[in-house]
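After this come two complexes, each holding chain A, first together with chain B and then together with chain C.
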Partner chain A sequence: MKFSSIVLTTMLLLAAGCDRKGGEGESDEIVLQHRLRAKVQSLDAANIGDTISHGVASEIFDCLYTYHYLKRPYLIVPQLAAQMPEVSEDGLTYTIRIKEGVRFADDECFAGGKGRELKASDFVFAWKRIADVKALSKNWWVFDDKIAGLDEFREYTQTSKKDEVDYSRPVEGLTAADDYTLVIKLKRAWPQILYVLTYLPTAPAAKEAVDYYGKDLINHPVGTGAFKLKIWHRGSYIEMVRNPNFREELYPSEGTEGDAEAGLLRDAGKRMPFVDRIVWRIVPEDQPRWLMFEQGDIDITSIPKDNYGQAIAMGRELTASMKERNIRLDAFKEPDTFYIGFNMEDPVLGVNKPLRLAISCAFDREKWIELFYNGRGDVAYGFIPPCMPGYDPNVKEGSRTEYNPEKAKRLLEQAREINGGELPEFKLTMQGTDTTYRQMGQFLSRSLQEIGLDVEMEYLDWPTYLEKLRTKGVQIYQSGWIADYPDVENFLQIFYSKRSPWPNSSNYSNPEYDGLVEQAALMEDSPQRTQLYRKAERIVMEDAPCAFMFHRIFYVMYHDWVGNFKPNAYRPDSFGYGLSKYYRVDVAKRAAYHKKYK
Partner chain B sequence: MTAYIIRRLLYTIPIVFGVLLLTFVLFTLVGGDISLEIAGKNATPETIEEIREEYGFNKPLFLSWDSQFINHFKSALTFDFGRALDREPVLDKIKRGVGPSLALTVPMFFGVVIISVSLALVVAFVRGTVWDMLVVLICVAGMSIPYLSFILFGQYFLAYKWGLFPVFFSPDLAMASYVALPVLIGIVTGLGGNLRFYRTVMLDEMRNDYVRTAFAKGLNTRRVLFKHVLKNAMIPIITRVVLAIPFLFLGSLLLERFFGIPGLGYLMVEAIGSRDYFVINAMTYISAILFVIFNVITDICYALVDPRVSFD
Partner chain C sequence: MTEHQQTIKKAPKGRSLWQDGLRRLVRRKLAMVCLVVVVLYFLLAGFLYVAEFFDWQVGPIRWAEEVGESYQPPSSNSIFGTDIFGQSVLRKTLYGTKISITVALCASFISIAIGVPLGAIAGYFRGFVDEIIVWIYSTLSSIPYILLILAFAVVLRDKTLFGHKLAGITSVYLAIGLTSWVGICRLVRGEIIKHKEREYVLAARSYGCSTRRIIFQHLIPNVFHIVIIDFSLRFVAFIHAEVILSFLGLGEADRPSWGAMINDARIELSRGVWWQMVAATLAIFFISLALNIFGDALRDSLDPKLRVQ
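So, the complex of A and B:
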């Protein structure tokens, strides 16, 4: 057979295998086009601990409460709950009525494949599952030492065999009084509980799904949210479709000042969701992601560092070409802190404070922010972000954040004395493998080499990185924390010894700090509580279990065909987090844009 | 010929056995306890034991019918590679990735071979002229430019600026549509090295007496080049071409990553990144089997094109 015939045969085979699927242009379907920078690790709500999986899974699962979509400051409103909880006088008992008629999405785990009605017992089951040691949930920290009898249940699961954990075993503080009433009894006052009830891992779970799928549950999410999973092609894309069982939930009729003028109340009182399908494509590299956005193949995006100049002009406004394309911009300070963490259980790093301080002094944070974020960030001096209530305006005093290579070299001499000789080579783990993470890695390793430290870089994909943190397998690592809810208490968890290794991945332990966290956890928001937070922050700053780097200023861009878009600082990136049901997509506008620019 | 093929296939049995033994030794004995790696440093002994039970790491290594070694063999021979760390069956992952990977690498492979062999013949014929030097110069330049630059350039100009191709994979697009540009980039980047190699092979052949004789007898250029020179240059071409085929299965990491093609290159790198031994093991085994098979095909092709190589 000649080459030309071989090529022809190959082409024919290829063409025969290429099945063109129906795209948006060929049907009336309204599709929202999202993008992800990294892979999703899990879609089992109880076992999610990272922002990527969290953002995606929040479209499938609903919680008891959520934040009002439009109102600012952030206001908690019922979602699966019928109303706000009834709280006993002593603040220890919460009685929560659950909406009637809410159904799980249809799934083969249910009898006849039809999703059954949500009951209060589904919350009890879900939370016991988080407590179950054998279920290996990343989110036990949420309930640890909070609900009466739940810690004892956890101890019981430790002694029982896997698959033999008795979930009908009563837990004093967690009961379903009837099908629609959940009663929570706390060990002690816990004013932040309402925030936690908006947090994805507290979503209800259907026991049928857990029993039917077993360990495969991470691939088969069964929730009560507006969308359900259709395809999850790991490493490539995720497709969700409208959940036909989704309850009647209406777009809010009230907002904040300016919302009506911005067109955010046009859909007031209309039934959600407004789109039929969501496609999340995983695009790890910056160039294709940006080009896809410019072509109109992605609806909402952040701005990659190399494309900042194309998007933003002087004065932090959109450039003329972006305005011509009717692209919109929103910028806000994110409630986050990024840092370089040290595993305090590492035999060299954990006992050598001068070494940790030397590493902290090696990084030029201003340059880092300029190089990798085009100046979109503030240097971090502590862990409380400047945009959060509780931020200490005097945090700079006493902070160990400074760029001083000479000081770093002097500190390294002390570090060598403590170590009893030359320091070994260290391993610095990065949370991504794309070009930008490699450039960041080069910056960090060069900074450390300049002060005389040998560093080996390790680039891991997101799920592997998280797994390494969970198993204490890192030495020095790049990390960050984005607030889950508007209370600094959330940030305190990342250094609380009982939360090691997750979210306390530096495995830091200081009894004085722990005491302050426990004391503050019982208090309502007050100046006294803020003082405790600040004191706790100072202790961490002094012990240096990490080198604080920066707080991000987030720029989000979206096309004008995405209606009802209002960013939420506690829902980073605006690429999911249960927000997609509010968005409206004007398909005609998108088609016109494609015609002009694609 | 049939006997020759059967004999060559029988030779592959000890090779496959060797591959299985090697992968078993590497992953089970040299690589350390996989269950500890999966469970992590802070896992309880019970958790580690559960993982051992689940993946069969608590079974004896060799001396039993239910040993890890025998099970390793069984799973390889039945192509039942179990489940990856993310719980998805390994074979499902491979089946899903093999289509996009081959759709990318097969046209790339044929494109590179056809263009570079044809051009090499022409360039060898006009050796020493400006055209020859120009082609060599372009080849060297092409080989010197980083692969990534071709990708970035192609994606920006051909896909984004001129709109000739899609910028990135989309589940709504036909496969031929989203692999077209990566295939083109793959061909362009592959031409430099291949063209230079084939040019050298052709030049060696062109210097032989039979070529001079053929021209002296009055045969036309096309007949001399494509009937005589090409046929005699087939041995090095076959060696290079056929042995490259098994690697087509592994896809192309950078092209897959930048164009979002859900292929096996991506799968393999992800598996290495996430220490997924089950996927790595399956991919290593399948690649090795393909390599062995195509080695046999190479030997058969030698015998077919060169009368000096006998089937006996």
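So, the complex of A and C:
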């Protein structure tokens, strides 16, 4: 007993002495310190459905195309592809040359443990996996009804047994003409396919890895990216190291106006990545995360709403104490729209437009943005965010967005007439259960009670919330959409009747709107297409299947030892997403900061 | 009447356990002060029920009213400042009393209603019945308490019972009550085992009293002081359990409760908003302290073994 307690005490003491040296590596290694707000669910590129996993896995996997790191407006450039695709005249056939000599990271799944060369067939395999019902990919929607023969392949996988899906079965629209040529045949014109080809789940997959790891693939990512996974402690810590097989990729030599002055072109033409290791700490709580940033244990962070006062002074500038610490601030408008949606299939809400308009008039959006986002947001009048090409500068006219409780009460009178009597109690579903969501819920329910509506709040965790939307189980719900790519087409689907109940969770249906969406989907970017987008937006504004609330403005802070930092609005949160290879870290500066403040 | 009979008549009347306990309790000044504090909390909760019923527009009932800007620090206008929506934190704290007392009271009654009869039956009958009951409560108590409450609260949420929807605090006190009867059940069982061989029970049995009568009219009244002591001490634990559940987002969603206030304050602290945390903590502190001191004094007074003054 005595001996064992001595052993136990010694072990505990030893364990206490073992502190992970995350910040500084063992030698002169350059380490980038990232933070995550939640656990990583999966590192199997095809099977990623959440932004956190997406951000992390993007450092390991590369896609055919990517966004130019510096150029704005956002420009798509080749990544694994050798050049931009050759598109046939009818817009249906895409021929893509892929780079030669690209190799997968070394892994025991390959013969001899050496990563083999990337081939066009790896894309064919990866995309068939997305279509495979048995592989349960969350990302089938990207190719749903798009590529010739792929939907039939999906049907075939439904009938075959789990481990007996034959991936060599030909798919008409998806072929590798030779080792370096990928040919895609579409069912109909789909100009947005280029954006999809920058989307992580379309990254190539090595069949060896899928066969070797099977179900365990989510823990063993094998990609062609700049980094590879070294350690993954679920829930707390992830570490990546430089992938020695990473091809020669150079930092861009051209940027947007002002980039050179901002020092963003200093590394032009140099080989990436500039850091040896990436350390990701998983810190779900706002406060510890903020303190770690202040201590210099996290390099880049967003600002929690309750720390806003500490970080930003009047006039949206950094506070003196932040400036003294040489902390930098960057702000940009996010391509997103948040709204309170109405289930149009609800027997009371769906047929009662004055009721929906009354609810829209009940919310003081300015106050909402001030209370919950410290003023970091713009009131939304329609669904196209102001930062996106296609935004209608005159959207305010004809918008139903206004705060006017008196008008709301008058509208409710009409609503009661239509309803043939008193209105029932409504249920408002929130997409989170934490304190902030509860406070938001209180704000919304108070606003509705003020105009004389009874409302019951429902706070759900994210998976339950999604499930409820997908089964049309909500009445009024809080929601939002963040653009996946810089094309308004991405927003149109949230009201497109064929995409009900997800992402069209208001189950809105208007043939005129649907017609415009279908027409615009086939068009290349042009002023005519923008006109169609705006017309579609007006139709939705008039029918009011939701009350538009606001668009966010994102504030990101980083320490001055992080060089080459340029946020990308389509890479939400700006952490990971394949951007780490561009960053440079001045380890000496960080050490000096640690000495002074830690 | 003989002389002998007269002497018996004049003998001073003995005090019952209860009278004796009460007499000794009243002598403890601190306990009496604590009792007053506890009674005040109960009166406040009761008053809020009455006020809500008759729709009296007193302060705490109007907790939702905006009294100022958001996050105003404590001042002469509002003693505990305001919260994010400019609501008075003092009013919310007072209103929270109602939620906490309701939850603790209901949970106590539920746990007593389950624990006492089960304990009595197990202790009286022993054998197979005893083994089953002991097995049930041992199993229950082997599960960490807070996890068990959480599991119950999650399961009970949004269920309906006799057409009544289990939302907010109803599911909270059901969850607490249904999981916390083990302690009292154990105590009562042990005490009944001790009492069942005593003379008064043997006498009752020899008179041919029914088992039900023996348990409920003879045994339980004689061990009931244990229930009361346990009640007073456990009451605090129930208030804490409500706070924890609300803190974890399983409690009252639409009305203020101390747990929900602390949960709000947790993230507000970093912006320097401490008053919501302080108000709720003080409210919990005073009732916890008062109940603990009073409970201790009650135990000392009612325990026959501690009759040394």
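Keep this in mind: the second predicted complex is superposed on the first by the 390 of 598 C-alpha atoms of A that agree within 3 Å, B and C clash if a C-alpha of one lies under 4 Å from a C-alpha of the other, contacts with A are read in each partner's own complex, and residues count from 1 in each chain.
Criterion: a contact is a pair of C-beta atoms (placed from the backbone, for glycine too) under 8 Å apart; a residue touches a chain by one contact, two chains touch by 3 or more.
All figures in this text were calculated on a predicted structure; none of them were measured in a lab.
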Check whether A:234 is in contact with chain B, with chain C, with both or with neither, and answer first, second, both or neither. first
First (chain B), second (chain C), both or neither touched by A:390: neither
Classify the contacts of A:252 with the two partner chains as first (chain B alone), second (chain C alone), both, or neither. neither
Residue contacts with chain A in the superposition, chain B compared against chain C: B
Check the residue A:457 against both partner chains and state whether it touches chain B (first), chain C (second), both, or neither. second
Which partner chains sit in contact with A:279 here, chain B, chain C, both or neither? Use first/second/both/neither. first
Is A:354 contacted by the first partner chain B, the second partner chain C, both or neither? neither
If we overlay the two complexes on their shared chain A, which of chain B and chain C does A:287 touch? Say first, second, both or neither. both
Quick check for you: in the superposed arrangement, does A:115 touch first (chain B), second (chain C), both or neither? neither
Per the contact definition in the header, classify A:471: touching chain B only (first), chain C only (second), both, or neither. first
Overlap of chain C and chain B interfaces on chain A (superposed complexes): 287, 433, 459
So, in the complex, the side of chain C touching chain A is made of residues 64, 70, 84-85, 249, 253-254, 260, 263-264, 266-272
Interface residues, chain B side, partner chain A - complex: 39-44, 46-47, 50, 86-88, 93, 96, 99, 103, 106-107, 110-111, 113-114, 152, 155-156, 159-160, 163, 167-177, 257-260, 262, 266-267, 270, 273-275
Residues on chain A engaged by chain C in the complex (per definition of touch): 286-287, 290, 304, 306-310, 371, 433-436, 438-439, 441-443, 445-446, 457, 459
Going by the contact rule set out above, which residues of chain A touch chain B in the complex? 3-4, 6-7, 10-11, 14-15, 17-24, 39, 133, 136, 162, 215-216, 218-219, 231, 233-237, 239, 279, 281-285, 287-288, 291-292, 294-295, 297, 433, 459-461, 463-464, 467, 470-473, 501, 598
